[in-house]
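Before anything else, here is the set of structures, which you'll find just below.
The two complexes that follow have subunit A in common; it is paired with subunit B in the first and with subunit C in the second.
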Partner chain A sequence: MSMAAEERSTRAPWALTAPALMLFVGVLLIPLAMTVMLSFHDWGQYKGIEPVFILKNWREIATDPYYAEMFWRTFRIAILTTLLTALLGAPEAYILNRMSGRWKSFFLLVILGPLLISVVARTLGWALLFGGNNGLVNKLLMSLGAIRSPIPFMFTETGMVVALAHVMMPFMVLSVWAALQRLDPQIENAAMSLGAGPVTIVRRIIMPQIMPGVLSGAIIVFSLSASAFATPAIIGGRRLKVAATLAYDEFLNTLNWPLGAAVATLLLVALVLIVVGSNALIERRYAEVFR
Partner chain B sequence: MRRNGPLALIFHTIFVIVMVAPILVVCLVAFTPEGFLSLPTNGFSLRWFRAIAQYPEFIHAFWVSLGLGALSSFVALLFAVPAALAIARYRFRGRDALAALFLSPLMIPHVVLGIAFLRFFTSVGFGGSFAALIIAHVIIVFPFALRLTLAAATGMDRTVEMAAVSLGAGGWTLFRRVTLPLILPGVISGWALAFIQSFDDLTMTVFLAAPGTETLPVRMFLYIQDNIDPLVTSVSACVIAVTMTALILLDRFYGLDRVLAGKGDPGR
Partner chain C sequence: MAFLELDRVAKQFGAQTVVDDFSLSVGKGEFISFLGPSGCGKTTTLQMIAGFLDPTRGAIRLEGKDLTAIHPAKRGLGIVFQSYALFPHMTAAENVAFGLEMRNVPRDDRAERVRAALAMVGLAGYEDRHPRRMSGGQQQRVALARALVIKPSVLLLDEPLSNLDAKLREEMQIELRQIQRTIGTTTILVTHDQNEAMSLSDRIVVMSQGRIEQIGTPQETYEKPASAFVSQFLGKTNDFAGTIDRATVPLRIVAGSWSAPAPAGLNGAVTVSIRPERIGFGDAGLGAKIVTRIFQGNHWLFQCDSECGPAIVIRQNDGKAQPAEGEAVRLTWRPEDMSVRARAGA
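Our next item is the complex of A and B:
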């Protein structure tokens, strides 16, 4: 390679990425830094935002049990949602993968399609199905004899978990499905020919191999559920707050921006730590699967 | 491979019904002839679709969403196509860090992005404007535009380009006549996926939208907060129809599993 060509090949990639890089620094990194700074500013009902450096907002979040309870609720809902999607999504992905070609792609479209349909519309559907004490879900469960008295779904954590699990389910199915694509069907046949029963095959052959898929799906579902806004806001109503809806309230109703910024910063930091930490754990544990 | 047993098929049927039920119920209630929320048991009626016409704020919000989605996805591609070509073709220092930065809007909660953009645009005096919405949406749809373009650029046959260079093509001509047509399916799919993401976003947009720049999801959300009536179900049914159309087109031209599986992550 000549000198000139070599020079071009080191400069060309930077010239091509420069516009996008400038865009990201200008309108993503700077605003994020401003938000972190905002969380250290002071605020008062009449004086508005005062650009000073104080720990007032952080101290309030650390000491007022209201915030501890709210963050605990946020993460509790996210954990339950993640468990529900893993318990139902993983078997479904496995069943889907065993279907014949045309049915497989049809049902994949049916299950993954909702991912792209408006979250507001999907949550509205759950609000209609839950609808008070004699909603469709309760009527169905009672006529099947599964429950005696109606379960309150609207404005409860139960309802939020069910609706969130529905919204997040495609991510779990997709993640497990991707793991199943790497699985060699001959191993299953080999285990069968050696006398393993269906339970043993699932437990000893399938589970260990799709576990990385389940775990990476769990990370996606957890982080999206913990920061979800639309579903908790519509199903949870105005009283049952999670981190995202609380930050929204502070910004657009109370107008205490510094406090809202502190809540958002804490949510971001907590999620980044959890996601990066569990990613590292999974990759170490399943290094051979990721190659 | 073994077939699914009856137990597996029962599980599958219930699973699919539960996945479809909320979407189906919205579309069904939209056709109710009654004045309140109910399933259309006494025949279908279009009265709630006609009622949308009497709410100009929904119509206006629809056009805002459509324009915002189309424009922000297009602008995102203007930045994403060169970046994708650089990442796909060159091994340079900082490449992985750049790719991570460009995909980072997927990792950052949209509520945090909404707050950051609100703070930023108000302090530079752009608060509540359509321009601010476009810039913010360019950032959130960028990863989708980049991924699909990157997948196309990585899988591209470079020999055609070399042939064009040997025939004297270079620079802009090479890009416009050879490279772009070759990666065009990826670019168009990237645009469609970016459009859907922009069209559906609520969490980030709800912070930035002001009266006049409210998008359809924001308008619907604010409406639902006050009361749920058949009108909002008929609006939702229209939104679902628009998304389904885009989805089916995307599936025909590109394959939905490829779009959603996000093939083309750098370093995978």
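Our next item is the complex of A and C:
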């Protein structure tokens, strides 16, 4: 074989992937690098952005307890949302999987339904139901005398977790459902024939096998919740900020782009570390089930 | 008294009858095979014994007790599934121990019995392997150990060997038979493989379309098939259209230029069934021409074009000269080797 042919064969894959690669570099890597750069720039009320290299923004985030509280809140909400989706989504997927054909496809559609509606519309729906004195549910409960004052929902972490869990549920259900598909259809009968009751079957046989699905669903839900913007913006507003809404405010209201960039970068780095770390842990722990 | 008894058991799914009028009594320690093509209801019957399905009609009794009233988890039957259905997140030992754990067997006793069970199926030293790191044959053995370690009253095997390659399947058949003989557990095997059923079982239940065609020893079902289905399903068979001629006395059965004294009780159009290995080449008999001659080591296989349609003949390779392709021959057989049935629609 000639040298030229060999050269061509190594060059061809690069040439073929070049368009996608360039798009990737252009719309992801360069802006990302610029954001990281931006976080080291200086900013003043009157002088605007100064392209220098200083650690001012990072020092501010590290020392001001406001940021620590805000990041802590972000991850607390993400963790609680993940727990809630896992607790509700895993049984939901299990029940869905046991349904017979026609009902299964119907309820799968019901579960996927939220994905077809804009996050903003869905979150506003929650606001309509629970928002202060005029919220539908609050009004009903108050007129029935069940509660005296409206259930606090807007501008609370509980409200954010509930609304986020609603948005994220399909990801958890689908992830667990995929794990359930891999189960041997006779496995429950096998356990039953050996004398296991329904609770034992779920706890000892089903749970360990769908755990990888729950955990990969958890990673998706966690990272999406921690970086969610629309739901925290509507439910939490300015009063209860999370990392994403804070970065947004710094960029568009305060116009302190460097500080916003530092918040966004820190969120990204923290998320990447958490996701990669837990993924490695899960893969090691469940090597036998994954094979 | 029968150990396990199925009394006119039937199963319907909606309007479809999958198993109908299934009656069988199994003696203690017996090895029974349910044999039939897919969709004949053999697995459904097994699942009714296991308790995963409830019979629509009929009764299933184990030692005189109504089995259908007992929850499947409490029946104490050992089951080996076609897919093995091992617990992938547990080691071989944990898989086998699961049934004992459910019975609250003390830990030391449990470990001892698990080790013994794995040793029995030839898997000593594999205790800590996970199923997915084992070969198909090894997984099969774990599944067998898991079913046997609970000392089941009946062992149910649902096509356990169908996922193994031919050589391994043969090995497992011999081993399965030995294990069953040693521990004497009453066993029911579901299979579509006639060789498997014949080499393993004391009796075979041949099923077709939800009904029992014949119950008998392997030899009985092969030598004296009760129906055309059985004779065709169990091994190869030649069916020749014949007639019993009323004009001659005594009555003679005639197929082409072959004839023999007619069996009693039949008249008119009949089917003469004869196994290929029972046909010989002679001076008189059914006229035929050898179409192909295939050498298969220990025997010769002849495909012939006879007066009554295509015929297969198998001859032992006993070193004697065999007819060549294209040669005209006469096919003969002993009257006791054939079975004669009234021909439907004639």
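Heads up, the rule we're going with is that the second predicted complex is superposed on the first by the 261 of 291 C-alpha atoms of A that agree within 3 Å, B and C clash if a C-alpha of one lies under 4 Å from a C-alpha of the other, contacts with A are read in each partner's own complex, and residues count from 1 in each chain.
Keep this in mind: contacts are C-beta pairs under 8 Å (C-beta built on N, C-alpha and C of every residue); 3 or more make two chains touch, one makes a residue touch a chain.
Since the model is a prediction, treat every value here as computed from it, not as a measurement.
> Comparing subunit B against subunit C, which has contacts with more of the residues in subunit A?
It is B that touches the greater number of subunit A residues.
> Could you tell me if A:D184 is touching subunit B, subunit C, both of them or neither one (first, second, both, neither)?
Only subunit C; A:D184 stays clear of subunit B.
> Output check: A:L281 vs subunit B and subunit C. Expected answer is one of first, second, both, neither. What do you get?
neither
> Using the superposition on chain A described above, determine whether A:L87 touches subunit B (first), subunit C (second), both, or neither.
neither
> Report for A:A62: first if it touches subunit B alone, second if subunit C alone, otherwise both or neither.
Neither: A:A62 stays clear of subunit B and subunit C.
> Let me test your reading of the model: by the given contact rule, A:P208 touches which partner, first (subunit B), second (subunit C), both or neither?
Only subunit C; A:P208 stays clear of subunit B.
> Given the touch rule stated above, what does A:S193 touch, subunit B (first), subunit C (second), both, or neither?
A:S193: touches subunit C, not subunit B.
> Please write out, lowest number first, the residues of subunit A touched by both subunit B and subunit C across the two complexes.
On subunit A, the overlap between the subunit B and subunit C contacts is residues 185, 189, 192.
> Which part of subunit A faces subunit C closely enough to touch in the complex?
These residues of subunit A touch subunit C: 184-187, 189-197, 200, 204-205, 208-209, 286, 288-289, 291.
> Which bits of subunit B are touching subunit A when the two form their complex?
Those residues of subunit B that touch subunit A are 1-4, 8-9, 11-12, 15-16, 18-26, 29, 37, 78-80, 82-83, 85-87, 89-90, 92, 95, 98, 101-102, 104-105, 107-112, 115-120, 123, 135-136, 138-139, 142, 196, 199-200, 202-203, 206-207, 217, 220-221, 224-225, 228, 232-233, 236, 239-240, 243-244, 246-247, 251, 256-257, 260-261.
> If you look only at subunit C, which of its residues touch subunit A in the complex?
50-52, 72-79, 81-89, 98-99, 102-103, 130, 132-133, 146-147, 150
> For subunit A, which residues count as touching subunit B in their complex?
Residue list for subunit A touching subunit B: 9-10, 12-14, 16-17, 19-21, 23-24, 27-28, 30-32, 34-35, 38, 88, 91-92, 95-96, 98-99, 105, 107-129, 131, 136, 163, 166, 169-170, 174, 178, 185, 188-189, 192, 223, 226-230, 233-234, 243-244, 247-248, 251-252, 257, 260-261, 264-265, 267-268, 271-272, 275.
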